[in-house]
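My questions will all concern the structure given below.
Naming follows writing order (A, B, C, D and E), and every chain is counted from residue 1.
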Amino acid sequence: MIAEILFVFLGVVALATGVLAVASRHLMHAALWLVVTLGAVAGTFLLLGAELLAWVQVLVYVGAVVVLIVFALMLTRRPTAVASAEVTKNSRPAAVVSVLATLGLTAVFAVTFGGSRFEVRRLGTAENIGSAIFTEWVLAFEVLSVVLLVALIAAIVIARGTEAGEH
Amino acid sequence: MIAAALLAPTVAALVLAVAPRAFAGRRAAELGAIASLVALVELARIPVGRPGTLWAEIDQPWIDLIGARFHVGVDEVSWPLALLTAFLTLCCCIWLWRRDSSPALVALLMVIAAASIGVFVAQDLLLFFIFFEFALIPMWFVIARWGADDARPAATKFLLYTVTGSAIMLVGFVLVAIRAGSLQIGQVVEHGDPSLTGAILIAVGLAVKVPLVPVHTWLPDAHSKAPTVGSVLLAGIFLKLGTYGLIRLNVQMLPEATERIAPWLAGLGVLGILWAGLACLAQDDLKRLVAYSSIGHMGFVALAIATMSQTGIVAAVFGSVAHGLITGLLFFLAGSLKERYGTASLAALGRGLFGRAPWRAVALLVAGLATIGLPGLAGFWGEFLTLRAAYEPASLLPQTFSVVLMVIATLGIILATAYVARFARMLLQGVPTRLDLDRDIVRREGLVTVALLVPILVLGLFPGLIFDLFPPIGYAP
Amino acid sequence: MKLLKGRRWPYVALTALVSGAVAWWAIPHVGTRTRVVGDYQGNDIGPVLPTLTLDALVSSASAQVMLLAAAVAFFVQLYSTKYMGDDPRFRSYALLIVLFLLAMVAVVAADNLFVLLIGWEVMGVCSYLLIGHHWERDDAQSGAAKALLVTRAADIGLLLAILILGQTYGTYSISEILVASGLEHPRNATLIGLLLIVAVVGKSAQVPLQTWLPDAMPGPTPITALIHAATMVAAGVFLLARLLPVYATSQVAMTTLAVVAAVTMLSAALFALVQTDLKRALAWSTVSQLAIMFAAVAVADGRVAVDHLMSHGAYKALLFLGCGVVMHAVGSSALSAMGGLRRATPVAFWTMTVGFLALAGIPPTVGFFTKDEVLEAVRGTPALFGVVLLTSIVTAAYSTRLWALTFLGEAKEKHQTPWVMWLPLALLALASFALSIGKPLHLGIGALSTVAAVVGIGLGWLLRARTFESRAGRVLAGEFGYDRVFTRFIPAIAGWKARTVVWADDNLIDSYPRGSVHAATGSSWLVDRLQSAKAQLYATGIAVGVLALVTYALVRVVVS
Amino acid sequence: MIPISWDIFGPAIVLAGGALVALVADLLTTKRSFVLSWLPMLAASVAALTLDVWSAGLPFGFDGVILIGTTLIVLASAVLHTENAMPPGEFQFLVGSAAAGGLVIVGAVDLVTLLVGLELLTLPSIALVGLRQADRRAIGAAWTFFLTSVVATAITLMGIALLYGITGSLRYGFMGSDIVGSAKAAVTVGILLTVTGFLFKIGTVPFHAWVPDAYRSASPVVAGFLASVSKAATLGALLVLLYLGLPAQHASIWQPVVAIVAALSMTVGNLGALRQRDGVAVLAWSSIAQAGFLLAPAVGPDFVVSTNAAAQYLAVYALANIVAFVALAVVLKVRGSTSYEELAGLARTDPWVGVPLAFAVLTLAGFPPAVIGLVTKYVVFVPVVQDGPLWLAIVMAVNVMLGLAYYLKLVATLFAPADSTPFRSVAGSAGVRLAVLVVTLGALGLVAASVWPSGVLDHVLPVTIDPN
Amino acid sequence: MPLLFPLLLSAALFGVGLYGVLARRNAVLALIGVELMLNAVNLQLVTYDAWYGDTTHTGQVLTLYVIALAAAEIGLGLAIILALFRARGTVDVDDVERVS
């Protein structure tokens, strides 16, 4: 019961800050709201028994991704330019599409998983997940490593290429 | 022999494509003429066999995976048409025997000839389709490059019309092949009647090619804009691909399904006869007039096919061959006018051609008389047998309906007389309007004219040359 | 080629050769009683595919017609060496005459229906070309075109008749058909008969397809004599006579033929009476005389019809050739230009007088005897008999009128007639008497017809100076305004329909491909415009697409 | 269930290894040399191809198409070696790893591997598009590609999550066949969301918008890679997922949608191509249309028939596209543009490039003399006519016509009387000559296949035995 | 715990993220939307995993991978944004030129 109340609380926080993250007119604020959202989601992970994931979430997202985003925001901000946090002309269709998508998903969830409940067990320990990865999902894991390398190289070559072009 | 007939033009085309410079001027036409002559002779050498069997055939495995075989063969339906193809191509090459002929044009003609012969001899649906499509793009180039200045839209219209039809036909082929479990025309027949939808799709595709009203409007544009040899091959051969397909694929391969669409075929054919006859009365462009007249003649052939009787098949084949020769001749003559005066407009060509270029005029007149089905010339027999077939149809065509169609079709003969009389009056008769360009027929033109007149007359007087290829019909004492 | 160019005599020689050969072949058959015999019984499964065979079926009638054609053709060729002597296109003219002769022989001698048809149609084409010989002239062009169109339209009748004969008797051989129709009750008689009538109504210019023949007069006069008087137009009579057994049992066909003949003979004779042009009057006269022959056919007497054909062939050829001489003299065929030619062209005067006498039916010319035979034959049909008698009165009247208007009156200056022109005239005049030899005479009827002729002559004499200004006269001179059907209504309807069809092609049928092209280029433009390079628009597109596809799939799942 | 196939992952490892070697070899040298990274990657492609043929044998399937395509693309990339904005080592590395990703998704037997492999294919592709930095548009197109791609991936992930939620497994063959009632709707949504990412990568409508931008902004060699290798891999993965990953009775869910997407793709793609006046642009739009034809056989119920048909069409399509794009790369190199003005008369002035290009285009159109194009068109018609809706067959037929309208325009342009100065690409640099070699070889392959279609069709059969 | 709690949160977050991607004018902020969408998916995966008590931990493992993939995507995405910024001087994604 406590877990449920806590979950609802975290959910409300995640959602509210999520909305702020996509709606805030201030660039930096948006990034910071995102941190809160991601943190709240990490909290829900904990409530759902996925310890490892919660920590990874905090580590990777809050620790790395958001930092990257903040750096990017700072790098791409031109002193003279007006902060372009506003929405595009596309915002109205986007809103409609998003609402429809949400409603649709909600309906599907409600119809399919309507009355189901479940007991949370602490299964998502590092040990359990680790053994699952290296027994069941090792192939994907290996591929993932290559993906990360590729992303790294790709990011470098894209970001650097411009310099090469300029020189 | 079939292989040689297919290969000779192909090789000539390849040689011309690879080494155009070695065949500048007349030599390209000479090479083309030799190749078509070889094809003609090789086809003519095929011994006439029993009707309904393949007189000569090649049957090689080809694409095992989809059951397609390289299966070509000649029987009484395909042989005359294949011969016609080789012959008309030969005439075209003679026609091009002049200094400014392009090797590329001759090469394209060779491709068209090989592909058309291929269609007539193919005994495998996929092979048929490939040959059917093979000639299209070369023909587009012939029209667009060597036609009138504004020929390109007409060429594209022709191509897109035909391709739409043939793509629909392809769907029909697939359907038929799936139901029958074979792509071999002979085996589909044995399988019985697989598919009404397939028959309809195939017929629709072929109707564009024939062409039947109301999918005919590509034809006047394409024929009138094409260069002389292009018009000749379009009218002489291309339309036959459609009628041949209706005979081979619909009547012979899918008889039961075709019976159910025969009334439509017949009705549209007769509509075409009337429609074209009337349209001819209002044409100013001679080539356009001849083009429309083709629609009328093809209407007769369609009516003959729709009767699905033995007589109807003979009529259709004879009518196709005769139309190829006669309309070929007309297009040669109209084309020579256009080449000389830069226009085929009756108003612009002036009057009194009898006085300005008598031989040219006489040739036009004779061709015109042949096109109205004058007995004694080749055009007559196809029409007569068509009427006879319509009198006693073998298909599900109700006899009353069929006889009504027959009577309406005879109106087409009158209309044909009317438009020939009209163009004779406007162009051949009258006080001669002398033009600087006036010149009577030149040697190569005369040669082609005579070469076409001879078979027109011979077939008119000895129709048995084609009739006897078919199984005997009716009472023989 | 060089040899023949500009020379006349080689063509005469050629014609003589052909005519001689035809005559050589025909003469032994004259007068023989040929009966077609055989055991052919016909069949129901249809004939074999057609072939052309040169089998001949030469009866006495055939032989006579062949002789007539050969003779007239030769005369005309001879005559033309002078008459058409200066014509630059003499070669084609002369060769067409030979071709015509051959075609005519094919019609009368062939056993094979298709050979007959070929001859029939080739004659039509020769007629078309020869009417249009002076193709610079507008009236020649329109006359030729009209002749071709009308006769070919009617030829469809012959074509279908052959088709149905073949389907009925299982053969295309005339002899076999005659045998089979003789052995049993003829089948499809009405249909075949009516189709044959359609064919000959066109070829022989009978009502309702009569108007082309007078319009064919712009053709050279010798050609008129040969084709449009003596032979081709009469071939229909021969055809009907030959195939009589096939349809004679059909009351409908025979009555139709009788009605056609009756209407034609009288109206054409009346038209001839009021003409202001000699040639045109003679043309109407031909139409009228042909109708008299058909009257004989209509009572199933083919021999009489052919007899009259022969006699008419002789004197009408004579009249037309004489007319040519007269025209040569005055340079026109208008009656107003003539008069007083008795001394100017004495040969023409004397021979044409014979011709007019024969036309009027005055004994002892052959015209008298053959008309006598016709009257005798139709005696069983009083209405027809009356019409024929009435017609012979009118015939005598217009003969007299024409003769008087041409030759009497103030004398004109002398005109030389070369021997090649008068010799045929003389020979034909001789024939107009000679053919009478051996003809039977029916006293009562002969007397009656002679009286009628005399009455007619008197009438003609009274009418000779009249111009027909009365209302009835104008209607007659206007030939009942019937020609408007051909000159105005049919062309108007055809032209309107032709324009409609072309319009429909451009605006209705072609609007689909054109519309498709517009739609394709339009949507192509739209598709291209949507490439805004804005990533978020693209992503929105993806989201919308997913939503739409999911909705579609869900609806399908729910429905099924 | 398909076992993890080392026949496929072996070559993938070889490719990835080659990619790394190429990268390292390039890094280790101070003076950037094209050959140093080009050679190892080429060797790796050839080795992987050899390994593939050796282990899996003939006939081959999607993996074979991927490997042959990669080899040809790598070989032809020599044409880029003087383009100083194109870093050679990274280029080869990205191509190699993307191809490895392609192999992974074709061989994947669970959605997790499939998803990760798809990213391995996608991320380098995006980078490759952005690599051509001589052109400002390239980075814009890369951004477009990137953003749409991540959205599509997110949607796919949502679908995967749903499928997992309903069935409790992400392994092929284990994703519940006993779904009934209310869950049916969730399955429908799940399947459709899942396939979105793949349809996106294949370039089907309505997920196609990135294709024209990316193809036109990237180097034509990269466009060729996207059109052949990338498309082959995604299509193979999608077909395996749909037919083998999901229970058979779910076919009634996705097949109608596939039919619609196929019809839309061919129509919109052809319409888009109609008004283009640039060789690459035409081919870009045409590749959208071709995606429709590639997808169409999936309306058939039989995995073997449909997959074989798609693979056979794909093999020919991919080869033709490589020939065409490499030829255009050569044209771009020597003339600076691929617009129709530059292409006019190419078949006369530069027959070694122009004629193969024309033949490749005719192959795409499915028209003789490119008989093989027609035969493969026939092949994809078969499953559609046999079991699909007839309207789809008619739409395909109409699109054959629509396609010919612009393919023919391109061919006519190539054979038009040339007014530009003749240029012989064979006289160009070694890199250009190599690319021309690829063009010629590829075209010869197409000609050979046209003469003897069995030579191709008999050897492109991803599924020779019925898995059931 | 009711299954719907996390699922509805997931749906809502997905929608919010989608809106962010589609509507944000600033490219970096658009990326934030992507992160939200991925988080929504992750939440679902974890939920199902917990619901099923999946012994192979499919859901959680995939979540882990998705987090890694998200990082990779973000890395590449930011690199592109930087390049874009250098090329154009702005990250305003509405301000683009058509490819023509």
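One rule holds in what follows: a residue touches a chain if its C-beta (ideal position, glycine included) is under 8 Å from a C-beta of that chain, and two chains touch if they have at least 3 such contacts.
The shown structure was predicted, so the numbers you read here are calculated from the model rather than taken from an experiment.
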Contact-graph separation of chain B and chain E, given in steps at minimum
2
Partner chains that chain C and chain D have in common
A, B, E
Looking at CA centres, what chain is most distant from chain E?
C
Please give the pair of chains with the highest number of C-beta contact pairs.
A-E
Centre-to-centre on C-alpha atoms, which chain is most distant from chain B?
A
So what's the Cα centroid distance for chain B and chain C, whole Å?
35
Can you check how far apart chain B and chain D are, centre to centre, with Cα atoms defining each centre and the answer in Å?
42
Averaging only over C-alpha atoms, locate the centres of chain A and chain D and give their separation in whole Å.
31
Inter-centroid spacing, chain B versus chain A (mean Cα positions, whole Å):
70
Among the residues of chain C, which are close enough to touch at least two other chains?
531, 533-537, 539-540, 543-544, 550
Residue list for chain B, restricted to those that touch at least two other chains
160
Contacts with 2+ other chains: residues of chain E
7, 14, 17-18, 21-24, 27, 30, 47, 51, 58, 61, 65, 69, 72-73, 76, 80-81, 83, 87, 93-94, 96-97, 99
Okay, what are all the chain pairs that touch?
A-C, A-D, A-E, B-C, B-D, C-D, C-E, D-E
Using the touch definition from the top, list the residues of chain A that touch chain C in their complex.
88, 90, 93-94, 97, 100-101, 104
Touching chain A in the complex: which residues of chain D?
4, 9, 16, 23, 84-85, 87, 90, 93-94, 97, 100-101, 104, 110, 112-113, 115-117, 119-120, 123-124, 126-127, 130-131, 133-134, 139, 142, 158, 162, 165-166, 182-183, 185-186, 189
Which positions of chain D touch chain C when the two form their complex?
140-141, 143-144, 146-148, 151-152, 155, 184-185, 188-189, 192-193, 196, 200, 205-207, 209-210, 212-213, 252-254, 256-257, 260-261, 268, 271-276, 402, 405
For a test of understanding, state which residues of chain A touch chain D in their complex under the given definition.
104-105, 108, 111-113, 137, 139-140, 143-144, 146-147, 149-151, 153-158, 161-162, 164-165
For a test of understanding, state which residues of chain C touch chain A in their complex under the given definition.
534, 536-537, 540, 543-544, 547, 550
